[in-house]
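Structures given as structure tokens follow.
Shared chain: chain A. Partners: chain B in the first complex, chain C in the second.
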Partner chain A sequence: MCNQPFWKVFSEHPDCDLIKITTNGAVRNIKLGVPVSKFSEAVDMLKKQGAFLVTMTATDKRQQFGIFTVYTVFALPGENTIIELKVVLDAEQPSYPSITPLIPAAHWLEREMKDMFGIIPVGHPDLRRLAVHGDWPEDIYPLRKDFAANTVVPRVTGKLEFCSVEGEGLFQVPVGPIHAGIIEPGHFRFFTFGEDVIDLQAQLFYTHRGIEKAAEGKHYADAALVAERICGVCSASHSVAYAQAIETLAGVAVPKRALYIRTILLEMERLYNHIGDIGNMCAGIGFSFGISRGAMLKERLMRMNMRLTGHRYLRGMVIPGGIQKDVANTSEISSELKEVEQELKKITSIMLASQSLVDRMRTTGILPKEVALALGAVGPAARASGVKRDLRTELPYGAYADFAFKIPTQIEGDVLSRLNQRIEESEQTFAILQQAFLHLSEGALAVELPNLPPYRTAVGYTESARGANVHWVMSGPDNRIFRYMVRSASHCNWPVLPLCVPGNIVPDFPLINKSFELCYACLDR
Partner chain B sequence: MLNLVKSLINSRIITEDSTSWGEGFGRGLPIIHQESCLADCPKCENTCPTGALKNKVINPRGCIFCHSCLRSCPVNAITETEIPVISSSVSTEQLGQELRSKLKKDCRRSLHIRYVDAGSCNGCDFEINSVTNPVYDIQQYGIDFVASPRHADMLLVTGSVTRNLEIALQKTYEACPKPTLVVAVGACACGGGIFKEAYAAGGGVGKHLPVDVYVPGCPPTPALIIKGILAAIDRG
Partner chain C sequence: MTGKLLIILGQFSFLLLVAPLINGIIKKSKALLQCRRGPSLLQPYFDIIKFLRRESVVSVHTSWLTQLTPIICLASYLVAGSMIPLWQHENLGIGDMIALTYLFAMARFFLALAALEPASAFGGMGSSREMMISSLVEPVMVVGLFSLAATAGTTDINGIMGAGQNPAGLLTFIGLLIVVLAETGRIPVDNPDTHLELTMVHEGMLLEYAGRQVGLLHLAAMIKQVVLLILLIHLFWPQNPNAPVYVALVLIFAKVSFLGLVLAMIESALAKMRLFKLPELMAGGMAFCLLAVLSTYLI
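Then we have the complex of A and B:
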């Protein structure tokens, strides 16, 4: 039985229902309906086959079919397969057995579903609120369909909930939500003994705007503008992930030129983020040379983005179906990239030659490989801990299969590894960009999309500068969005970051935080 | 160490100022040329995702600079123009205008800013970070960012003022010495942006605080942000 593919075992089971198998490029999509009673078993089986969790969300289809539905998406690495499990829940008492005990990476996703839909994951070890704060009234679930997007929700009395950490001589240090520097808002609660951090807990979702609700009911073309504005510095990867989900729903193939331009946008975005982060990590230790040189190089890249697309953050380029606007000055940009590459080499060699920099970064904020795997960490943070996972090669999308590049990894998982990881990834990005510019062929920029079939689901994903960026879409009638779920890389990595801080001292937190460089806006939505 | 010193010696000054910006003010504000516009054509108005375009006039505070209207126009009657920074003449604050003028005068050469992210996408915040980089170097104008609102003459606010940040923003404003200049940066802060109808989005800074200057843009470029800050202290 074990030799048979997992989905076959289940699709032959009388209670289960193989909904659809499709292929999208090199990737196979399997959709499987599983009864609630079989859900844990199915997840366990997937786990044993080495699958990792991609995203998990719910829909409220009480008005249409009298049900809630939970969708859990897994990827089988090595088999180029995405498996979506669909579980139908009762409309009155929606609950299902929690999968967090099996797959800890699901723990924030399940808490979020409880906050947003009132769906109870039975057996979840920590059902505190996550996405709504203490002043949100009980029994109001914003992603249910009977909650109007523009509802004014009253405030009730409530406070931040933290797990208790007790002991003689322990202090609590509250920080945020408004911070001293120019960074995004979040509340951190340090439990310290002297300067040593014993525990760190984070209360996030301060910038929660209700984006997923705002996208519901919008035409898919209008929702693309929303996707682009979820995060300022992952604009391209969000808009490409969204566009890919819509294109899968429509069943169209994007022209080659558009795919190559998308690759250029995605890699330019990775580059300005990585180089900005390399400089910014120096700010965590006060290494001024690195700060200013990193900032100058990043500014140069932003201006290259401007000349390439007319926007420093590459907005207004990607639409479902292809690319809206052609790129300009490509030959000039590709030769300037060579200069940037040399400059980056110079800066990083000077940085790494500084013993004080290396001393501060080595053994600071270690993310052990087992933790990264268990909690589903993604992106450079996971790869710096030795987890070789990158959606560009694991589940190839767009034009990435056409390019030769390596996925570097590190071993130690400390701040220095994450710095080296970004340096090495940038080298690969330069290589991809040169290939993409060289082979950028003439041709159409976009295809017309046919009408979307209603109540179908699709998943689109990209590997952003921070890691896997997954957009899950369910279409509604009249080409409108019925449900839109965004799981960004920061959503995967935020639960991981606080675990890397205990054992370090409080002043190391900014450095550790910068080495992960997570978005708050991407998480909070 | 030797390489570091060598690199420092070989570098040149790259700081720019308002007479030498190395790039423009970015994607512009759409403008409708009434003379070539078709009288009964509703296309641009229907396509506007935020409702900023009404009766053939574009409200720069509501625009998210997606340029959907530009593309929708069948006769190409819409082009783009430089994004304006908007000084708000109506101040709801009780403190006299005289005191405000004095503050502006006092802060002309030494302005301290407290920045607050009230729920932005991080784009505006990255651009505010950029104004401190060696290229834009906002300190050349005598302007600096401070860590505490107690030291601030100006609040620089990004984001649409989300439900979970509304109280934090109010508290920060109250902690500032009065009168306080308020500058709203970006489309979300200026008019609520594309999320303005969502239950937690908040609708923009103007609904929560008296705003002196609005800097539209999605996000506004560093040069435009500097222009907006200078406009607030009458140095525009």
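Then we have the complex of A and C:
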């Protein structure tokens, strides 16, 4: 029965209910209601068919329908299919069988759901708090609808919980949440034996901003501004992902010119991030040539962004339905990109010819392919370990089907592979940008959106410089957002990073950390 | 007696005045090599004055050791510096090469202890790394200096002047240049400009210090750097003994600045090494110094 398509098996089952199959461009969306008792079985079957977890979230519909609902979104690679499982839970005792034992990638998503909604994933191997810290009172669940966003929550005494690692000669080294440099907060607990790291645990979510809560009840056009501001350096990918979710809800097709401009924005964003990261990785080892040339080239790209869109971080461009503002100076930018490409080639060839740089990066911070697959690592970090997963080709969105480009991968999964991965991806990005500039046709910039049908769900996603950014939206009445869930690339990769560190020495951690270049803001949304 | 005292005071004031400027020159040349404008040459003076005017904040868990260490460090580097004659004068007779090596070791000993005392995570890491590095660096330094002492037939600092001006001395120079890179906390051994606590060595030991004391420790580190560079010049590129005092001082300043430029170039061309690869670097330095000793006796 496994050979049959999954949804057929389940839609014929008397307890299940096939809600809807729609197609969105080349991608098919399947929505399926599954009873709690069948949930594990359904997930297991999807896993056996090779589906990977995209996002997982819950909604509180107690006021409307007296239920909690858990939505789990999978993608079937190679079949251009997105499957959304809907599980209805009891309002009084919300719990369901945890899928983390089957799919470790759900680990943080389920813990976050427990913190935010009080929904218990029964059988989850690690139910410590994640998104709320020890000083948060019990039984207050901020994403439930009866929690007002302006509630002042009393602080209680509590402490950080770590899985203890003990032994003779083992030391704990607490690092952060406040660091010596100007970076975002995160607490890292190293368990070390001399300089060797035996274990590393991270406590994050120090600056959780309640962005998902803030978006609830907003008109979808206003929530677009929120989406754009989740993260500074991922503005374009977040705003496009959100806009795509809204457009799927509205059932409209975006004009071709808008799609091409979005592609240009997304790829410009990837480029300045990748080049900035290439330079930043050199900062982890004090290699000043790479630091300064990377920073200069990144600055040049940001100034090009400014000339192209009027904003260095590409904000104020994307709206649900298309593009708000046309791009300027396109021919000039596209010829300057050729110069940037040559410059990057020159810089990276000098960098990679430096024995002292290669020596530091090779075999440092290896992410094994099995770990990357099991924990659902995304983006350049996963591809550097040989996981060929890129949403631009896996589930084509926007105009990506029109462009010829390759998805490079590496084998070793060490810091050097992640550097090479970014270099090779940048080469492909130059190719995409040239095609997009060349074939940028005249036409409308945006379409009017009809009213959104209430209480429908849609998922929008982009492959950002760090990996898949997935935005899941449920509409409410009057074109408002009922529930908004952002699963950023950093959300997927933060749990992976600490696993690459044991076996290395303490002073190599900053380099490993920079090679992932994860974003705290994308996590603390 | 008063003459000697005046000479020592003169050396002290030269070191105190010039050390921040040399640091400024190294910083500025590194910035220019990296296409940056960089801070003003005088910035290290401003920084030190700023720190010295601030009150110090000290952990309640510390003792006299933390209070005293900055002064011990500064004093031992100044005394070490005053042993090397900057211009032609009578031997002060306050110590030889061995005393100089141990003055450095004393400062390091106190600094490592003081970094352990507040029991912060980074101080301990800095101390243990510093001790590991110093156990590698000191043998190289001693063997290098002894190879020159073997040529000169004395460990007296005045007598050893210019002892490196022969082919064997070139080998020693390479060995001692590696020592200077390590002792001044520069790439590839340590990174003086990093903000990454986990990679710090020397800076890690200073993290718990604030205000006046951190100013003294920064000043001490700059003086140590100048003393080491002056020592290199004294051994390998000596001054004309008959030059008047002001010419000797200007010359030594120019030579130290030139060596600072060399350090800046080395730092700009390399990445920091893996911590556990440092023994290999130091073994290289040791090999050069040992070859120098051998060739002194064989040739």
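We adopt the following convention: the second predicted complex is superposed on the first by the 525 of 525 C-alpha atoms of A that agree within 3 Å, B and C clash if a C-alpha of one lies under 4 Å from a C-alpha of the other, contacts with A are read in each partner's own complex, and residues count from 1 in each chain.
Note that in this section contacts are C-beta pairs under 8 Å (C-beta built on N, C-alpha and C of every residue); 3 or more make two chains touch, one makes a residue touch a chain.
What you see is a predicted model; the values in this text were computed from it and never measured.
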item	value
Chain B versus chain C as contact partner of A:282, first or second or both or neither	second
Partner chain in contact with A:332 - chain B first, chain C second, else both or neither	neither
First, second, both or neither for A:207, with chain B first and chain C second	first
Chain B versus chain C as contact partner of A:233, first or second or both or neither	first
Partner chain(s) touched by A:41 [first = chain B, second = chain C, both, neither]	neither
First (chain B), second (chain C), both or neither touched by A:354	both
Which of chain B and chain C A:292 touches, first, second, both or neither	both
Which of chain B and chain C A:519 touches, first, second, both or neither	first
Contacts of A:180 with chain B and chain C, given as first, second, both or neither	both
Larger contact residue set on chain A - chain B or chain C	B
On chain A, positions contacted by chain B and by chain C	180-181, 289, 292-293, 296, 354
For the chain A and chain C complex, residues of the former touching the latter	171, 173-175, 179-181, 194-195, 282, 284-289, 291-293, 296, 354, 356-357, 359-360, 505-510
Complex interface listing, chain C residues touching chain A	30, 33-36, 121, 124-125, 128-129, 187-188, 191, 193-199, 207, 267-277
Chain B contact footprint on chain A (complex, rising order)	133, 142, 147, 149-153, 177-178, 180-185, 205-211, 213-214, 222, 225-226, 229-233, 235, 276, 289, 292-293, 295-296, 298-299, 302-303, 306, 310-313, 315-316, 324, 346, 349-350, 353-354, 519-522
Residues of chain B that touch chain A when the two form their complex	1, 3-4, 7-8, 14, 22-23, 26-27, 49, 64-68, 71, 115-130, 132-136, 145, 147-148, 159-160, 162-165, 168, 172, 193-195, 197-202, 218-219, 221
